[in-house]
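Next, two complexes with chain A in common: one pairs it with chain B, the other with chain C.
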Partner chain A sequence: MILALRRLAPLMWLSPAIALIGVVVLWPVVVLVQSSFQQIGGEGFVVGYNGTANYVNLFHEPDFVSVLLRTVLWVVAVVGVTVLLSLGLAQLFNQRFPGRRVTRWALIIPWAASVMMTALIFKWALDPNVGVVNVILHRIGVVRQLGSNQADWLGNPTSALIWMMGVAVFVSLPFTTYALLSGLQGISRDVYEAAAIDGATSWKSYLRVTLPLLRPAILVATLINVINVFNSFPIIWEMTRGGPGYETSTSTIYMIDLKESDVGQAAAMSVFNFLLVIVIVLVYLSTTRWKEQVG
Partner chain B sequence: MITTTKPAPRLSARRRSTGRPARGGRRPLRTWVAAVAAYVIAALFLVPYLEMLVMALRPNDELGLATILPRHWTFSNFTTLWSTGLGGSIGTSLEIAAGATVIVLLVSLPAAYCTARRRFRGRAAFLLLVLATQMFQPAAMLVGIQREFTNFGLPPTMSLVIVNAGFNLAFAVWILNAFFSSIPVELEEASMVDGLGRIGALTRITLPLAAPGIVTALIFTFIAAWNEFLVALTLSLGQAPSQQPLTVAINNYIGEYSVDWGHLFAAGLVATVPVIILFAVIERRVVSGLTAGAVK
Partner chain C sequence: MDKKFARRISGAALAAAAALALAACGSSGSSGGGSGSGGTTTLKLVVADYGTGPSNASAKYWDTIVSAFEKAHPDIKVNVTSIAWTNFDSEVQTMIQNKQYPDITEGDYFSNYAQDGLLYPASDVLSNPGNLLPAFKAQGTYNGVQYGMPFTTSSRTLFYNKKLFTQAGIASAPQTWAEIQADAAKITRLGDVGFGLPLGAEEAQAESLLWMLGDGGGYQTAGKYTINSAPNVAAFTFLKGLVSAGDTEPNPGTVNRTDLWKEFADGKVGMINGSPALIPIIQSAGVLQSSDWTSVPIAGKTGPLTTTLGVCDNVAAFKPNGHAAQIKQFLDFAYQDKYQLAFDKEYDLLPATTTAAKALSTDPVFGPFLTALPNSVQYPSDTAWANVKAKVQQTIGLAVTGSPSTELSQLQQIATTAS
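Right after this comes the complex of A and B.
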């Protein structure tokens, strides 16, 4: 009896956490999957079981394929550029120089601030008539005429997507840089000295010594970024609402838009998104041969 | 004068380049190149948020002027901010962020302590479950969250407290687990022998030693809940603006035909500056909480 109680003791300590995870994270997934097989009316009431009709309708949406391709491009480009730039930034901020603390504080601002606010700043700065980016570009002669189509960066799907990817990279850099910095600080200085004695130049020792040792940190930072960037909502929602049409929508934005018209189909899209993230993560893990790293 | 131009053995050059000022207080050229590059990058990171300040201080009648800086400066956007109902939104955001933080601490402290101190069956499974929640994001399961919490029929503020607590639990559990694990059990045992008792050992010895971790978990949860946008937008739709959290309420300055940029950015500063200062406090420890689970 007492022995059984002792065995159950950990459960007492853990049960609040398990309950919270159950209510907030696990149960919504159940509701989500269930909803994806239901026909749901405008006010959210369930009309009835819908079989796989939500999925079939989803796959037949005219914008479905282009949204998916754009999502893959969005994730690969944003995460790729973020990690590359962060490798440089981490190297830089790992040096000692006067004022390093203050510069690090500046680096964390996009991380601490709400992404929604950052998106609104850039939306304003790109205003075709008075936005500060356009005013500066006009002064230096890149934008010929304020208020013209050329100045309407967010009105053109291609330039809008590029600008929004830039904002997504901007807000992802602080975390990624910090994650790589903590990886760099875990590398013993002796390793570099040994490489130097062996006559390695600094570029060579970076490629042959630093990068391989940094691999676990790069792996973790990339994975967390993939999940964040895939699910990123505020940037596109604030800057273009995914428009014109769905031409700047990723699958997350598309799903949220679907939610307004057809909850069941939006649920099907979410389930599909889940699977997509899992596939992206698995592809990434297999290309980086993470097992060798962890093992 | 900078003296590193003279050829030095590679090893010592490398040593010096990693930082410490050379003897006599002189710094090698490389340090200064790094410093200047870092200053420029820091400025690039700061500028967008300075623009927020510039816009908040721009008079309304200059919103249509294509100038980089306003001709006149005014505080009127800040002084009239409160008449737009922002006070209510700040209160709502504070309730949500503080409520979520309290729940996260109450729930994560026992879980982290237990998993750090005891080895039992299901321990690894629990930690894995917590880690898995970090891979789940509200955006991916928004439909489920919305339907579940609409069914509960709680006031939106309560729902948002619970949702934010749930999605920030993982960070707190992992960072507290790491802190508790690093405190030697012997320290607790010794103080129990000294007559403090189990509870006394916990409150007088263990918790104070884990304080940096607790503060980090506390601030991180508060900021995340304060900044959360998507679930807030979904669950507080149709509420009176003063009942909506700040992130949602700020969007009310965006009208169908015009945007009240002055008030929007003034409110944005009110929402942003406090969390940047809070974040600077935990800056060094945040990464370990976000990546610890994945590395272990």
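Right after this comes the complex of A and C.
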């Protein structure tokens, strides 16, 4: 009897966490999937079962394919550039130099500041008439006239997307750099000494020693970034609202917009997003053979 | 039309979105209120913010009414939530989707809420619904019953910067599209924006309708959506020409009305369609003197419009919290003439009740407009409009860069499916 209770003891300790995950994570997923098969109007009333109509309508939206392709581009570009820059930054912050402590602290600022705030600051800085970016570019002669097409970076879908990717990289750098930096600090000095004795140049030891040993850290940083960036919302919402039309929308922005008129179809979009993230993560994990790395 | 009248010819309440004020983000978290201990009922009043800053925020206007009302009715408390115009529709919608119902809203009203049985008919929550201006009755009516109760009304005019006109050597106000184009080109050559064309998501549906009307078009013909009608396509083809000639601000499809009005107030825009809500913005910017700008009827394809876009903002009373009696007491109180007139004075808008309109009918400024109000053109009032409006706001700006007929046909298709 007592033995049986003892066996159950861990469950007792775990139950709050399990309950929390069940209520906060699993239950919403169940409701989400359920909603995606129901007809729900803009006022949130469930009209009834809708079969797969929400999905069919979603796939037939004229902007659906372009929104998806843009989302893929957004994720690949933002995460790719973030990881590359962070590798460099982590290397830099791993060196000894005066003021290292202060600069390491300073790196936290883009992460600590509200993303919405950061997005708004960039939006104002890019104002075609009075934005500080344009005023500087005008003074040095890059922007010929303030208030012109050329100065309206956020009005043109291509340049708007590039600027917003820049902001997304900016806010993703701190976390990624810290993750890689901790990875770097975990690599033992002995390995480098051994490499040096074997005659490895610094570039070679970076490629053959640092990068392979850093792979677990890169793996985790990339995965977390992919999920974050895929679902990223405030930057695009504040800077262009996905416009003109849907030409700077990613699937998350598109889902929010759908929600105004059709909650069911918006739920279908969310389910699709959810599956897409899972697929991307699984493909990434299998190609990087994560078990050998992390396990 | 004399100048003074023209200047103040009333303007859209919708327009009052002037307060993009970030500070006004309403919370959607509080509950719908209810009967507390001691038999006190709390009403949740959700209003749009018409103010241009903290000094004339709409919360202030409502607080005056509420404190007088609470004194007279100690058993009822009223909580006021004010929301910036840009977020009003979606925040109210979110409250409703989450079943956190307000008791009363003042701002945009959609017949969908009536269709879903969420609203009290006007006759249940007003002692004298017949006093509401009859011109706007149709817009608030669903299945023959009036649910939307107009609270404030207004319309649009064409504002222009006389200083820039003189510099560009233009003698008179534009009356036709051709004159708009010629004048805009001249002002653009001075290095300023010729015509301010806000087709961004904030209020593209209003700007678009003003141009559609110019060639006799509109969103509907005889109650059916005709968004891709020939006159509408003609209007957007004209606009596309204006945009590609560089006579508007760059990328109109991404520019919001509030931002562009501020630029007009800074003296950097030659012409723009506006409402009296633009006047306080011009005054607070302090760049243009009152002799530097004026407003005239909106230019059409071959001459100025004889009708204009008439807009009313509505009060809607929500059923789910079951506060009919208390809502009625509050609305009867709030619809008193003195509060109607105070609102119009504060925001340069027009009254929505017959008695308040009568009190103003001898006013040299408002009087003539009040007689013209019954002929104004209004937005569609069917249940599809909420969806159509949201899509128009997001995508119609593409019609001035892409193909007008393709974009308008897509919107027409959405409207047909939604109705």
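To be clear about the criterion, the second predicted complex is superposed on the first by the 289 of 295 C-alpha atoms of A that agree within 3 Å, B and C clash if a C-alpha of one lies under 4 Å from a C-alpha of the other, contacts with A are read in each partner's own complex, and residues count from 1 in each chain.
The rule is short, and it goes like this: a contact is a pair of C-beta atoms (placed from the backbone, for glycine too) under 8 Å apart; a residue touches a chain by one contact, two chains touch by 3 or more.
These numbers come from a predicted model, not from an experiment.
> More chain A residues touched by chain B or by chain C?
For chain A, the partner with the higher number of touched residues is B.
> With both complexes superposed on chain A, which partner does A:Q145 reach: first (chain B), second (chain C), both or neither?
Touch partner of A:Q145: chain C, not chain B.
> Should A:V132 be classified as contacting the first partner (chain B), the second (chain C), both, or neither?
first
> Applying the document's definition of touch, where does A:V263 land relative to chain B and chain C: first, second, both, or neither?
both
> Quick one: classify A:W27 as touching chain B (first), chain C (second), both or neither.
It touches chain B, and chain C stays clear.
> Is A:Y192 in contact with chain B, with chain C, with both, or with neither (first, second, both, neither)?
first
> Examine A:S182 and indicate which partner it touches, taking first as chain B and second as chain C; both and neither are also allowed.
first
> Identify the residues of chain A that lie in both the chain B contact region and the chain C contact region.
Correct list for chain A: 44, 129, 263.
> In the complex of these two chains, what residues of chain A are touching chain C?
Contacts found on chain A: 41-45, 62, 128-129, 145, 147-149, 151-152, 154-156, 160, 240-247, 257, 260-263.
> Hey, which residues of chain C end up touching chain A in the complex?
That would be residues 89-90, 93, 96-99, 112-113, 116, 118, 191, 193, 200-201, 246, 249-251, 253-255, 263, 268, 386-387, 390-391, 394-395, 397-398, 401, 410, 418 of chain C.
> State the interface residues of chain A toward chain B in the complex, per the touch definition above.
Interface residues on chain A, with respect to chain B: 7, 10-11, 13-14, 16-18, 20-21, 23-25, 27-32, 35, 44, 89, 92-93, 95-100, 102-118, 120-122, 124-125, 129-130, 132, 134-136, 138, 146, 170, 174-175, 178-179, 181-182, 189, 192-193, 196-197, 202, 216-217, 220-221, 223-224, 227-228, 231-234, 252, 255-256, 259, 263, 266-267, 270, 273-274, 277.
> Spell out the residues on chain B that touch chain A in their complex, using ranges where they run on.
For this pair, the touching residues of chain B are 10-11, 14, 17-20, 27, 30-32, 34-35, 37-39, 41-43, 45-46, 48-49, 51-52, 55, 63-68, 103, 106-108, 110-111, 113-115, 118, 120, 122-123, 126, 129-130, 133-148, 150, 162-163, 165-167, 169, 173, 223, 226-227, 229-230, 247, 250-251, 259, 261, 264-265, 268, 271-272, 275-276, 278-280, 283, 286-288, 290-291, 294-295.
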